[in-house]
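Right, one structure below, let's go through it.
As written, the chains take the letters A, B, C, D and E, and residue 1 is the first residue of each chain.
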């Protein structure tokens, strides 16, 4: 089947993380260019608004998109989009977040729940390794994402699972409205007043909220800052990891996933059935395992895999830290 | 010609009667212990200096203010006028000094506000016709009744406010400086109107600073000074008497000006 | 009582010699020019702004004015539009409701829980959700009437409290899907008018306008008032019918006119009638213009506030139900994000004053179409979010500048 | 006693002079081709029916409205009064009919608005003392100058507005119905004041519906009717003459009412 | 010119016999009771509401009033508080600025890019960001003054446009870390006053109040006006000093009084002076109360609008810079979310009217303390976010109800 000139849409959910505009979108476009030079890619971001996403979805179909790669704002709400699209013969690839209620044509993702589990488990392991006792009333703080964000819910579930791998209590838990770092900071500052040095670690659902927690510890004069997790591997967070203020983050080389999505899209355009590794929610799926990044593997995961360059990370203040980690 | 005590007026029962009305605004006592009777078919003129409390008294009668103390009886029954709707229901129509018009509504809508014809399907045509009739009766000079009141001149607004009060069939009508902004012709019409209304058996309270007008139409003149009763006069009372009661002094700005102009004229006549 | 100096034989409302003659075709044109000069153009400037926007987007991407996209636009307008209609009510009395988004979210959550989870009949669930909205509005009005609490604060509290409640009742399961094949979801996603119905309905405004206009003109003539000429009425009716039929025909090229949009327009027309042609509407305008004057005219100001808030919150709930139907989901995100701001902005852009006493039901319709057109137009351009935000801001400004310019000349003519 | 053509007034140059002023509001022409001269040391009374355009004319002179056409000269120089600040700068002080006070500010702040003492460190004490002096001069009865103007009575507000205009040292002073809401004493004081101001060489324009007051103080009476000039009179003109010019008819509400009351009195005397 | 019927020998402003005597201690108490009855209590009711909130949270979790938590509270208040101070300005003239959140976000983004990425000196970056704020405000004012565009719409456009710009300039990297050891971040996170400085400053208001009050009383006496007694002044000064010293002492138990909070309070005091004691402030109040009257008094209304908007946007930018310092990050989320609503709500809760002409700089201080106290108190309770939203809503309502009740009696006394 001739696919020249076909239209493919790539719909992302929000601005909560820069990855969609910085990695996923360019990655997808680059791979599409390779596979089908004349294909048109429509890209839209829903800014965390379900209704906006629905409008965008309808709009790309109106513009003749035959395959839609959809990272849903609300996984439940996306079901009806898939339903409608399939009724019009448009294929839908669920991207990043699954659509449990309706069978999409394919699912390509990092597993959000797995991400939550990985950061929490990594923190627990680190604490154990440092010999932090879980006795008495010490414990960790848990900073989740936005209460109205479905992806945040998945990460939260994962974190709960991850924390179960150790015996550290959760002192307090917080859903950060809008993922806003300043809200996370205020909350963390309050908990520091409350628990003082009983806080042995913080599991934060993304780098922004993690950064907020770190700022709260710094502001309270806590030194050293207890280990804080993150997720997304933003430059800011990687720098904090280099400086030793943040314990870990998650590197999701989104280009790879985006490229996989592009591959699937082209196959669907051609009318082929893409082959699946697993099935999730009844949907043929291809899942990628993200890497937890800490000081130990930062060079290997980030610099060596060319996700960021040393020049970007090792600005003057971080140069020293970089040197220590062997990054030039 | 002050009436020392007015037993004659108590022979028939007043429509509206106030006893011991006081009203405080914070540290200011606007009214202290004021008594007032309004009989049917009688025009009571309420006069007094600026800030004497005349408008406050009218607002209390209209239900716009609650008195701090004192009692009001209507047709011999004690009443509380908790809000303007209550006063309107008793048949007390009021023209307020500040007019209380809705600037964003047009003339017709203002005249009929709260008393629209056909609540569920406003009858604009009948209302407009009626409005024109009322306005013409008052010699109003309003180019268009479909303009918002915001665009009217001061006198035009006052005419609208007066027209409002003529719509319902009241028992008592309170007019707070109804002619202050009116032209000569309009003033004459309003005075005519007040007399007609009195002759139909309504009780009328008129506030005015114009002593000629007051003496021309009033049956009784009640003077307030600094929030207190300061005498009741018959229309035959001289200007001098009235002004003295109002300002509280024989030697006042009016008499001084009178002397001065008289002197100037005399001086002018003998150059 | 004869008024000696009125033009003899003149119509009752044309007696003043300072009034310029505005009868006949020439007079009508002159009158229009006068109005242009004095800026008294109603919603014409916003329409011009809208046309401007449409032209720009159409040149950038010809899909914009495709019937299919327009049908989507109409679907999308309806939900927030209905909320905005409620906002018009509270703005008319000079108050505000910041919680419409949360109330709409709560309503959609209630629909999901009551209907899908608890198995109530859908009609009952709808009524329950709307009742919750109604009660909410009454509570705001109570706080204002009895405690004098500014509506900005009480509805801000409501905004937070109802968002919490929405999350709470959706809590255990998160978002809830509504069944696709239910009439409710069909209504929100698919149902359009049969062609003949839409074409018939498109004739109604013109015919009705002609009929009512003629009757009114007759009554006015009989009463000795100036009246519109039959020719003008006819012209207007024909023009309106033509435009509507054309639009309908064009939309019918694609799916057709959504019933949901028809519901929205129906509500707008009903609200317009209520605001312009009933005592209640007059009282609303009066309270918004001068609360104390309205009170002194014997209007039950508290009742008016209550009706405004109750209507607003009920309409917000209705909007929430429809957006649930549109999404086929009772979502945790429903009502968050821009819903509040869009609903208020639509009313304001359409020309309803934030300070009370000036506005119309049509402002919700116009305003939401402007906002949704911008949104829709921008989704058709391949832009990053940051650029999209910037352009939305600018286009919004442009759409309103036309209106502002017109109104400015109005101020300089002394009738702000 | 109408002045047919007034070449005598052109001998000295008028301070302020209007030629062919027109003003349209939408479909209404409020003013058509109006001429007016104001000389120094002269009180010009501007009279006319409600809606005749008097206030509109004053607003144009005060810079509050722009005329649709026509020219204004000040001291022989053509000027455009684009905003009130421009008029104030030329020395034109105005008391508007609608007073134009800020209800949320207190009396002192209103009197000194735009002309506060010590812009960077308001001198409240001096301003308060000055305000009391001005108010006492006008016989005002204001209990406290630290209350917001919203709580004042109609006449008290008007006094505040007049006090405002006395603050600056104007060349021309425009008074739009300055005594409409004032009590008898206050009215007398204001009339005194107007005469004093005239004697200091200022040009004064006074609008009033009270023909006695007008004739008492005015040097020249200018009549507007339906937005047009309708004659200039000297103060000696009879009431009848003036009313005829104002209403545009010999047989008007005023004369009818006069006849009626005369008849009634006559009837009353012969029962 | 003699006024025959004034009380002989009375003070200039005590001449009217209807005025009740309010001199002396008994008079003062009577006057206070009068004011309670007539609801003219200024910000006292909000303070009562605040005390109520504090008591509740303290009983629920004793950490709430711990000095450490209070110091956090003061840090957190300062950023949004400064933004809210700007909002007070625009509300005073009866306008609104919906874009303060975006402007603050943009300012923090600019700080990150200019200072950290481009390596500008921090002072220059700060000035640049504030200049952008200033220009923004001027543009809004221009749109209002020249085109008559309602500020609701222009600032709504700004809200979107600047959000886009913020995302755009942060685009390539996302969030940017500010160096932890820089004075800027120290200022936002750590810097507190040395004890002696804080204790000294705590004495200043009392002493200054006494000094100025005494001088004023003297001048008034000399001018024949009523004046406050020395005893009352002394009492007030002592009470104020005591309270402030106690609070300072308590805060010094923990880290002490943040310099950032001192900056905020300093700005509030300066703004209060500007609004209450300068011609500019008088003009602002006048324009907000009656724009046309202000114009007719010769006030340059356009200039006043310009100053209000420019000040507001500049303060918003300042707030954004400080919140970046507080967070040690120029974040993409800075200024989104509740910042707008919190800033406006703080001003309104503190008693500034949305309709112009009534308000004070202290309302920003009080309002933001109320809002942050609620947030902080809830932070200390382990609640799900749905419950947290609900409780925030209710507590907010309660905090304002006290004030509303007081003001209601004010309305019924005829001075709304």
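What we mean here is this: a residue touches a chain if its C-beta (ideal position, glycine included) is under 8 Å from a C-beta of that chain, and two chains touch if they have at least 3 such contacts.
Per UniProt, the chains are B, D = Sugar ABC transporter ATP-binding protein; C, E = Xylose transport system permease protein XylH.
Source: prediction; values computed, not measured.
Where touching is counted per the definition, the chains common to subunit A and subunit C are E.
Ranked by separation of Cα centres from subunit D, the top chain is A.
With centres set at the average Cα position, the gap from subunit A to subunit B is 76 Å. If you average the Cα atoms of subunit B and of subunit D, the two centres end up 24 Å apart.
Centroids of subunit D and subunit E (each the mean of its C-alpha atoms) stand 43 Å apart. For subunit C, the set of residues that touch two or more other chains comprises 16, 18-19, 167, 384-385, 388, 414-415. Among the residues of subunit B, those in touch with two or more other chains are 25, 27-28, 139, 141-144, 151, 226, 247, 252. Residue positions of subunit A with contacts to 2 or more other chains are 15, 21, 147.
By the touch rule above, subunit B contacts subunit C in their complex via residues 62, 64, 83-85, 88-89, 94, 96, 100-105, 109, 113-116, 119-122, 124-126, 128-129, 132, 136-137, 139, 141-146, 148, 150-151, 164. Put simply, subunit C touches subunit B in their complex at residues 1, 3, 12-13, 16, 18-19, 216, 219-220, 223-225, 277-280, 282-283, 285-286, 288-290, 292-300, 357-358, 414-415. Of all residues in subunit E, only 61, 63, 66, 68-69, 72, 75-76, 79, 116, 167, 171-177, 179-180, 188-190, 255, 323, 326-329, 331-334, 336-338, 375-376, 379-380, 382, 384-386 touch subunit A in the complex they form. Per the touch definition, subunit D reaches subunit B in the complex via residues 25, 27-28, 48-52, 54-56, 97-98, 139-144, 147, 151-156, 159, 177, 180-189, 191-192, 209-212, 216, 226, 243, 246-247, 252-254, 256-257, 260-261. Here subunit C touches subunit E in the complex through residues 96, 98, 143, 146-150, 152-154, 156-168, 171, 341, 345, 348-349, 354-355, 384-394, 396-397, 400-401, 404-405, 407-408, 411, going by the rule given at the top.
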